[in-house]
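Shared between the two complexes below is subunit A, which pairs with subunit B and subunit C, respectively.
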Partner chain A sequence: MLDFVQQLVSGVALGCVYGLIALGFVLVYKATEVVNFAQGDLMMLGGFFAFTFIGMLGLNYWLGFAGAVAAMALFGMLAERLVVRPILGYPQFSIIMATIGLGFFLRSVSGMIWGTDDFKIDTPFSQGVVRIGSLVLADDKLSVIAATIILCTLLYLFFNKTTLGTAMRASSENMLAAYYMGIPVKRVVSIVWAISAAVAGCAGVLLAPITFVHSNVGLVLGLKAFPAAVLGGFGSIPGAVVGGVLIGVIESMAGFYLAEGWKDVAPYVVLLAVLLLKPEGLFGLHIRKKV
Partner chain B sequence: MRFLFKTDYEDDIRLFPHSGYFVSYGILFALLLTAPYVLSSYLMSQLVFVCIYATVGVALLILTGFTGQASLGHAAFLAIGAYTAAYLQQFDVPFPVYFLAAGLLTGVVGALVGFPALRLQGIYLVIATISFAFIVEEILARWESVTHGNEGMRVKTLYLFGTAVSRDSPAFYFLCLAVLVLTIVGALNLLRSPTGRAFVAIRDSETAARSMGINVSLYKVKSFAISAAITGLAGCLFAHKLSFISPEMFTLQLSIEFIIVILIGGTFSLHGAVLGAIFIVMIDPFLTYLKDDMPGLIAGMAATMGAGSERAAHIQDSVAAFASLNGLKGAIYGIIIVLFVLFEPLGLYGRWLKIKLYFQLFPLYKRATFKRQKIYVKSERNR
Partner chain C sequence: MSYFRAENLALHFGGLKAVDAVSFAVEKGEILSIIGPNGAGKSSIFNLISRIYSPTSGKIFFEDQDITEQPPYAIARLGIARTFQNIELFENATVLSNLLVGRHRHSTTQLWQELLFLPSVRANEKAHRRRVEQVIEFLDLEPYRDKLISGLPYGVRKVIELARALSSEPKLILLDEPSSGLNVEETDDMSFWIRDMRTELGITVLMVEHDMSLVNRVSDRVIALNSGRVLAMGPPAEVQQHPDVVAAYLGA
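Our next item is the complex of A and B:
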């Protein structure tokens, strides 16, 4: 029983990691219907920024954290301006390819700049553990869970309660109509990319003690976060986190109870099953087809 | 400029619309036939890869370009074809049999993947095919009694009609070329048949296709099966060319490479598959060439422009250091993809058509002829 609970908790912690990256996917998709395949690589870049600020320049952890997130927000706007804006309004396929290209580019360039070793950042959460009864929880995992919950709540409120959030939802539904209603669509898209990259930056910094920082971390985690976003129904913010947690729990349970090899495959098997039964994901809206 | 006068449908769907086609394709064919006796063995080997990649490109074009179903799982189909060939070869099955079996089995798997894909659109389909590819990769690594797991499998020399065809011989190149040409001709015939028309109708609007009486599910599954089967055939040749296969060769990276093939070549015509394959395969030798010769070249240029010999040597060193950086290939890949999506969405074949039209219409060519239309009313979620 204790094994089960321990597996469950570590699965939830792992799942929050996926959920945190999936949040970035969902944000961009929700606001612009663009699927950003470079999200994992943005996360990796955030980790490297934090490593530069904290590990190389010797800044305070929280200062470095804030600096990395701010730098990522700027970088997100830059990427949007250079790569996404010129092809806004073209078929999804081209945009997916462009972001795949961006991912390739970021991976190799960061490998060139920072090298291909694993880097570690010293954080206030690196050492401590919390004990509840005989359960042992590491601080770094708890910090990820807390950050996921906070970010998810904030973003959910932002999208549903603020004017800017409403503008984002409007421009995702129909850019032209939103533009006629006086929404500066280009600026909205740019802000969405900034937020999404900042969320990715947060994820990168928080994951640094768990996964270390290296140039391929984004590819590995991004590919796991992607099913998480799909499982939750691509356009839903709470869905992304729930999907992430599901994937994380499935992965850690499969790793513990099933034969070797199932750990990596189980999330995808579940994903295919869900897509078969409910193609729009668990929390996705089912919209009627129109001619 | 030549004007084609078409009086009936047969004229419109002709494979060779006018005699000029015979001349240009005849010359191309003659060049391809003499290639083994002219080119170096390294370039020949690359040419074989061009044939294999182009075959996969044609398969992917049928599915993605003409039926509109994106797939990032074609490496898995290639793997199934390759492993079927390698497995059957152990039992002394003759080449034609296991070649066709590879295609058949992959086609069946493709149809099975097509069924779940029926309900999926756009990004959901992409992620479903990625998941499928991951599962296949893991099965290949774990099903050790058949695939030998991560140790991989050796593929023996190919025997065709009792003679050994080594993987570097001109005969193997001719085999790959024949498969490619037959695939292209088959695909061309398919695309001008009612089935091909149905594919294009589904790509352009599923709802409209359905209301015209097209059985959308049936044709989508057909498209998946055909595309997978061709990829399986290519997989068999791929296995022979490499002579050793293991699961980590058939990763997502390879699937992405195949998508890049058709993206760079152009997704609206079969020419795109061949041009894209040439581009993707030849980028490696080109980069090696740059790495070896660029530093000297740039230093030479600097020297002629008045830099001292010490300065030139310094430039040569720094360029060489840059060229041998680890991730340079990935970065160049990324830049190429982004640039093509942004500035040449119709691909290399689109560029060729533009150049051709420029000279045909000179001086009346307008850039707007090829302009893509932007659709700001997002419909992909509601489609």
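Our next item is the complex of A and C:
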């Protein structure tokens, strides 16, 4: 039982990271119908920014965290302006290739700047544990879960309660109509990219004490976050997080209870099963074309 | 000076002249219809005015301001609203939400105020809601207020799109084939609303329309187009009897 809870918590923590990356996929997809395959690498970059601010420049953890997230937001806007906007309107395939290319670019450049070693960031959660009876939970994992809950609540409030959030939902639903309601759609899209890169940056910083920072971390995690987004229905914000947590828990349980090798396969087996039974994903809208 | 005017508007796609040296003016409070056979350039003119296309040459003025280079969202903020021939609504939202998005150009609250849930934000929202309720009443949409767009019939959606445009309190409204897809009864309602928009709300109307009976009932003036050029301009009856217009419609 104790083992089970222990595995559950670390699965949820890992799943939250998947969920945060998946959230980035979903935000960009909803706003522009572009799948940004560099999302995992944006997370990696967030980790490196945090490492630079905290590990190299010696800033306070929270300052470094805020700095990394702000830098990522700017970087997201820049990536949208330079890589995506010039080819918007061209076939999906070109845009997807461009984001894959952006991912390669980010991995190589960060390897050139920071090297290919693993880096560690000292955080206030690095060493501590919480004991409940004989249950021992690491602070770094709990911090990921707490931060995910806070971020999701903030994003939910932002999208549903503010004018800018509403403008974003309107633009993602019908760009043409949004324009004629007086919504500057291009600016809105650029803010969406900023938010999604900032969320990825948060994930990168939170993950730093758990998996270390290295230039390929985003590729691996991005590949896990993608099924999380699909599982959640690709387009649903709560779906992305729930999908991420599911994948994380399945992975962690499979690693513990099943034979060697199942750990990496199990999430995809579940994904295939879900897609067979519910092709629109767990939270996806069932769209029926009116004829 | 005219309220709205297009000067020597042209839109060329390579050698094809979709719109060719079209000039016209709309007076404040007028209902002006653009008619013409398919491919005459009616929709192109609409798309030029609402800035989906940029004109090859020519200028567009609204309230003596040159709007030729303005982006679409800026056009909306100046008080020009439009509807679409094929209806562009927010499908997965309720009627009320759609109309509230129409209020976007009047939103004055700042993001930080909203995040702090200041009382002024609440007061503002209430004011928007009141305006939207007036539009709902004006167009008899009460039974549909909380329904999702995706479940509503075509005729009702057409009225909702008009309602969303009216929610933005426009000065000038562009209607792209307001009667297309409507039955006789719905077209009758539409003609009353178009006239009421002008008399009760003081909105200037520019519309593209195929249904000649609707055009005759509501228009002060009519512009007939063919092959991107103006054939005739004037009162509906006069334009319809113009020999060039008759020839264009009958293909002579």
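Before moving on, here are some points about what is shown:
Here is the rule we go by: the second predicted complex is superposed on the first by the 289 of 291 C-alpha atoms of A that agree within 3 Å, B and C clash if a C-alpha of one lies under 4 Å from a C-alpha of the other, contacts with A are read in each partner's own complex, and residues count from 1 in each chain.
We adopt the following convention: contacts are C-beta pairs under 8 Å (C-beta built on N, C-alpha and C of every residue); 3 or more make two chains touch, one makes a residue touch a chain.
Because the structure is predicted, anything quoted here is derived from the model rather than measured.
Between subunit B and subunit C, B contacts the larger number of subunit A residues.
Applying the stated contact rule after C-alpha superposition, one finds that A:V265 touches subunit B and leaves subunit C untouched. Look at A:N174: by the touch rule set out above, it reaches both subunit B and subunit C. When the two structures are aligned on the shared chain, A:G182 is found in touch with subunit C, with no touch to subunit B.
Within the superposed three-chain model, A:T162 lies in touch with subunit C and out of touch with subunit B [touch as defined at top].
In the superposition on chain A, no contact is made by A:P124 with either subunit B or subunit C.
Shared interface residues of subunit A, touching subunit B in one complex and subunit C in the other, are 173-174, 176-177, 179, 290. Within the complex formed with subunit B, the subunit A residues making contact are 29, 33, 35, 83, 86-90, 92-98, 100-109, 111-112, 116, 172-177, 179, 215, 223, 226-227, 230, 234-235, 261, 264-265, 268-269, 271-272, 275-276, 279-281, 287-291.
On the subunit B side of its complex with subunit A, the touching residues are 64, 70, 116, 119-124, 126-128, 130-132, 134-135, 138, 141-142, 207-208, 252, 256, 259-260, 263, 325-331, 333-338, 341-342, 345, 372, 374-378, 380-383.
Contact residues on subunit A toward subunit C in their complex (touch as defined above): 157-158, 161-164, 166-167, 170, 173-174, 176-185, 285, 290. Taken together, the subunit C residues at the contact with subunit A in this complex read 50, 52, 71-77, 81-82, 84, 88-93, 100-102, 104-105, 107, 109, 111, 114-115, 150, 164, 168.
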